[in-house]
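Alright, structures below, take your time with them.
The following pair of complexes shares a single chain, subunit A, combined with subunit B in the former and subunit C in the latter.
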Partner chain A sequence: MADVSRLLGGRDGADAAARGDRTERAQLILITGLTLAVILVAVVLLLNTVIYTENLATRGVDAGGGEAVEFREGTVDDIEGLLVRTNWTDTDRETFDADLDRYASSTGEHRIREGIRASIETDPAAGAYVAQDADRGLVPSDDYLESEGEEETVDPGDEWTLVEGATRTRSYVLDVRVPDGDRIEDESDVDSGAFRLRVEGGGNSWDVEIYWLEDDDDVTVRIDGEEYDGTGDGVRLDLTDGTVGGERKSFVWADGVEDESGGQAYNVSYENGDTVSGTYAFVVDAPGGVRTASPTDPLHADPDDGSPYAVDAVYDVTVDVRHHTPDLRYEDRVRVAPGERDD
Partner chain B sequence: MTDPRRLHVGGRGDDRAVSVSVGYVLNLAVASLLLAGLFIAGGSFVEGEREQAVRGELTVVGERVVADLMTVDRLAAGSDYPDGLVVERNAEFPARVSGSSYTVTVDPSAEVVALEHPRSDVTVEVPFRASSDVEETTASGGNLEIRWNATAERVEVVES
Partner chain C sequence: MFIEHLSDRGQAHTLEAFVAALLLVTGLIFATQATAVTPLSASTSNQHVENQGAIAAADVLATTKERGDLKRGLLAWDDGNREFVEATNADHYSGLMPDTAHPLHDPFREAFDSRRVAFNVDVLLPAKPGDSRSRQRLVDMGEPSDNAATASTRVTLYADDRLHDPAVDDLDGEFTGTALGETTADGSAFAHGYFHRPEDPDEVHALYAVVEVRITVWQM
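What follows is the complex of A and B.
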């Protein structure tokens, strides 16, 4: 083996060897070996930190905020179900509030078991459900038309207002037929003789006209100037969902009148309602804007008295959703209003 | 009597056994060359590995930052009330990569998150796409908080 001591200018290696002192021999290789070992350890440490960092990449802690989104969407779906059920079954407000509280507390308890602090706060807004269940002309209630003591006689074809001061409307379904005898000759008669639904507010108006021309096979629906065909003598419209006969069209409910933030109040009225017959139903956010003191007002207060009627309903629920995990704090507000135009 | 060894070699006495020493020196020289070669090779191997490691780690960290940034953006984009929205994402990252610190730069105009490691002169850019506004920031590496600023209505990356 090489004698390093000679290179390093130490004692004469031959002398040392002769004396049997072999401890200082082979130092060059020893130092090189040690240095290489240190280098290799450094490489190992380096690769170890790489493995650690790449481990971070695969650590699946709610990568896309999916849990939070799922919680929000699930809450919205559930509350939507509660809301629809309440409006259908005419459950009173106290029951609805109690249902919401129970839902919020059970959801919170369920989530805490998974290590998530979740809470839901709800704020329902009152509204009115206006509907005509019986197939009749789209005119005020019979009581109203026949009422005595009115200052002026009411003609069924006159324009009459269903709702005043609404800012939002949802789930507006209109299912009408035009009787054969009420067909109009040509389009010049539309303004005077066709059924018209008018949404009016802030100096703007949005009209839906339904008529059946004598030389036409199908009923025509004219929404904001745009014409669509019905099927035969009738048509089913979902005005807030934007469908004619179940097919989605490009019109938007109360376009130019309704303000998305709910800042513009408007009225909903019918004219020439005696030229068509059918049913309708919708929910508005103006419980005070429907006139139900029958017989002096056009809507019944109780569905048992006949159509059309208006009853109290829940218009929407504003939900504050909180979802806290160690990695993500998420708090958002969602407004649940199934059947609104942007739904 | 003549010394038989002298006669045999035919030279002076102190020239004897020189080949052993020469061989010894040659041996040492070859060994030194070999070891020096090993040093140089080992050193450059470590250097190469270090750069690869830094690049790999910065890519991973960058992708995590981008994923979290886009998570916050997604939650904000899905909100109807962005002015009251709270989204705070706490992300844990190593404070040092390969023994020295690095910086995280969010550049919304180029839509990239750039991670720079000054010591090894490595820069990694990870692209992202956000529908909300994103604040232009530079933070030093380590634990970050990626959050929604409801007042300014934009996504921010801050050190936590």
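What follows is the complex of A and C.
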């Protein structure tokens, strides 16, 4: 700003002008300072808002991956439920296929209304359900024992085969008791006198022996060489799930015999079944391998005829799941086989 | 003198104008920010509330489905009166279920009711391609606001699932009423009065129906 004191003339005027100029300058500096401060604060606020908005705008609930995985999990659970129910009640493959179709179409219709194209393709594999519901010795059917007895002597304790040519087994539950009179004296008699379940294939075998030593309080279960205790005279085993009396153990079903990819066929047989009594049930994937006719066969073909029996069942279902959203395409293949061993 | 003096003032006036403009702008910014705080208006911060509502609804659906409470909630249907058990408004609930033993009472109370979040629960029934899905209300607390969030999951009903029998069953115990797949003696119709009945009973084997449960939540 120019010095104006000389133009005003006179000492008093010059003084007054100089004073006025100084005060006006101070005011201007003050206002400039304030303005700058306000501008800085405004800029900070603005930047903050921009960052916050960007942050929120790009943060969705999720990209859709969780939804796709949830869809797969839900589908597997539901098909497992259908599979288990079908094997319990109606073993007709056609009704199961109809159920699967109806399930896939209603699920797809629900999803398409949310803007998601979802499809479920299923491929069930046939199998057989082998079971003994009545509490009796783990021996062939009475018809078989009687009829065969005419031609040759069949001892109930002989080794007999339940399943031939199976490659996979699931939900193998065995609930047995050893009657007091069938206790064995010591370990050296186990090989000859104890009940044995044998899985044999490809030159390998996997054994489960159940016996009760005379000087022991509890039944002993020997699985592939490892010994486990039962409770009193009985024990409940889930062989494919790996539990003894409900407790998880470290054994694996058909270890060394069953091939993970299902390439190794094997037989399942019982020996000395007359030394124990109880029930069992399992599902195998060998539709042709299970003996099906009575009385020339150890298994009944109809549950109404008595135990043990073998009927057609669904072994597993291969499910192709597709879940397409505009942002994400998700596809997966899952094999549903409840109660199969976990490797 | 006059000119010199005027130029002095001019600078101050310019600055003053800037300050005034800034004041106006900050006033406007402040005003818009202030209104954004209310939960019902659309804004960036409200988006956050919406996201949280959607996550809470999805979590409640996931946990109750896993525990089986969601399906039990659907099966708690009073067959004779054709309404949900102890329904408070027509055949559904107008808010939280009155009976604390209802399988969905506790999850809904904890997630929504105690946080003053309003919610609607609808059951969407399966539809044929091209048709719209019909809806059965389970909880209806009114019209959702513009900022409501939704989450849905599907529930599979099997033919051997049993309805609640009001005469003998506890809501938190096992249900022993009519099985969903049960038909009349000649097999032409279902034996129960459930809210959803597939058209053709012959079609029903192990699977009864796949329904979708949708929760809509919004701030009260």
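In the analysis below, the second predicted complex is superposed on the first by the 275 of 343 C-alpha atoms of A that agree within 3 Å, B and C clash if a C-alpha of one lies under 4 Å from a C-alpha of the other, contacts with A are read in each partner's own complex, and residues count from 1 in each chain.
Assume contacts are C-beta pairs under 8 Å (C-beta built on N, C-alpha and C of every residue); 3 or more make two chains touch, one makes a residue touch a chain.
Quick caveat, the model's predicted, so the values are computed rather than measured.
In the superposition on chain A, A:35 makes contact with both subunit B and subunit C. Judged by the touch definition given at the top, the superposed model places A:99 against subunit C, while subunit B stays out of reach. Applying the stated contact rule after C-alpha superposition, one finds that A:82 touches subunit C and leaves subunit B untouched. Looking at the shared chain after the overlay, A:52 reaches both subunit B and subunit C.
In the superposed model, A:335 makes contact with subunit B only, not with subunit C. In the superposition on chain A, contact is made by A:74 with subunit C only, not with subunit B.
Subunit A residues in contact with subunit B (one complex) as well as with subunit C (other complex) are 2, 7, 28, 32, 35, 39, 42, 52-53, 56-57. Of all the residues in subunit C, the ones that touch subunit A in their complex are 1, 4, 8, 11-12, 15-16, 18-19, 22, 25-26, 29, 44-45, 47-48, 51, 54-55, 58, 62, 124, 126-129, 133, 152-154, 156, 158-160, 203, 205-207, 209-210, 212.
Of all residues in subunit A, those touching subunit B in their complex are 2-3, 6-7, 28-29, 32, 35-36, 39-40, 42-43, 46-47, 49-50, 52-54, 56-57, 63-65, 68-69, 72, 326-335. In the complex of the two chains, the subunit B residues touching subunit A come out as 27-28, 31-32, 35, 38-39, 42-43, 45-46, 49-50, 53, 56-57, 60-61, 63-64, 67, 70-72, 74-75, 78-81, 84-94, 97-98. Those residues of subunit A whose C-beta lies close enough to touch subunit C in the complex are 1-2, 4, 7-8, 21, 24, 27-28, 31-32, 34-35, 38-39, 42, 45, 52-53, 56-57, 59-61, 70, 74, 78, 81-82, 85-86, 89-90, 95-96, 98-99, 102-103, 106-107, 109-110, 113-114.
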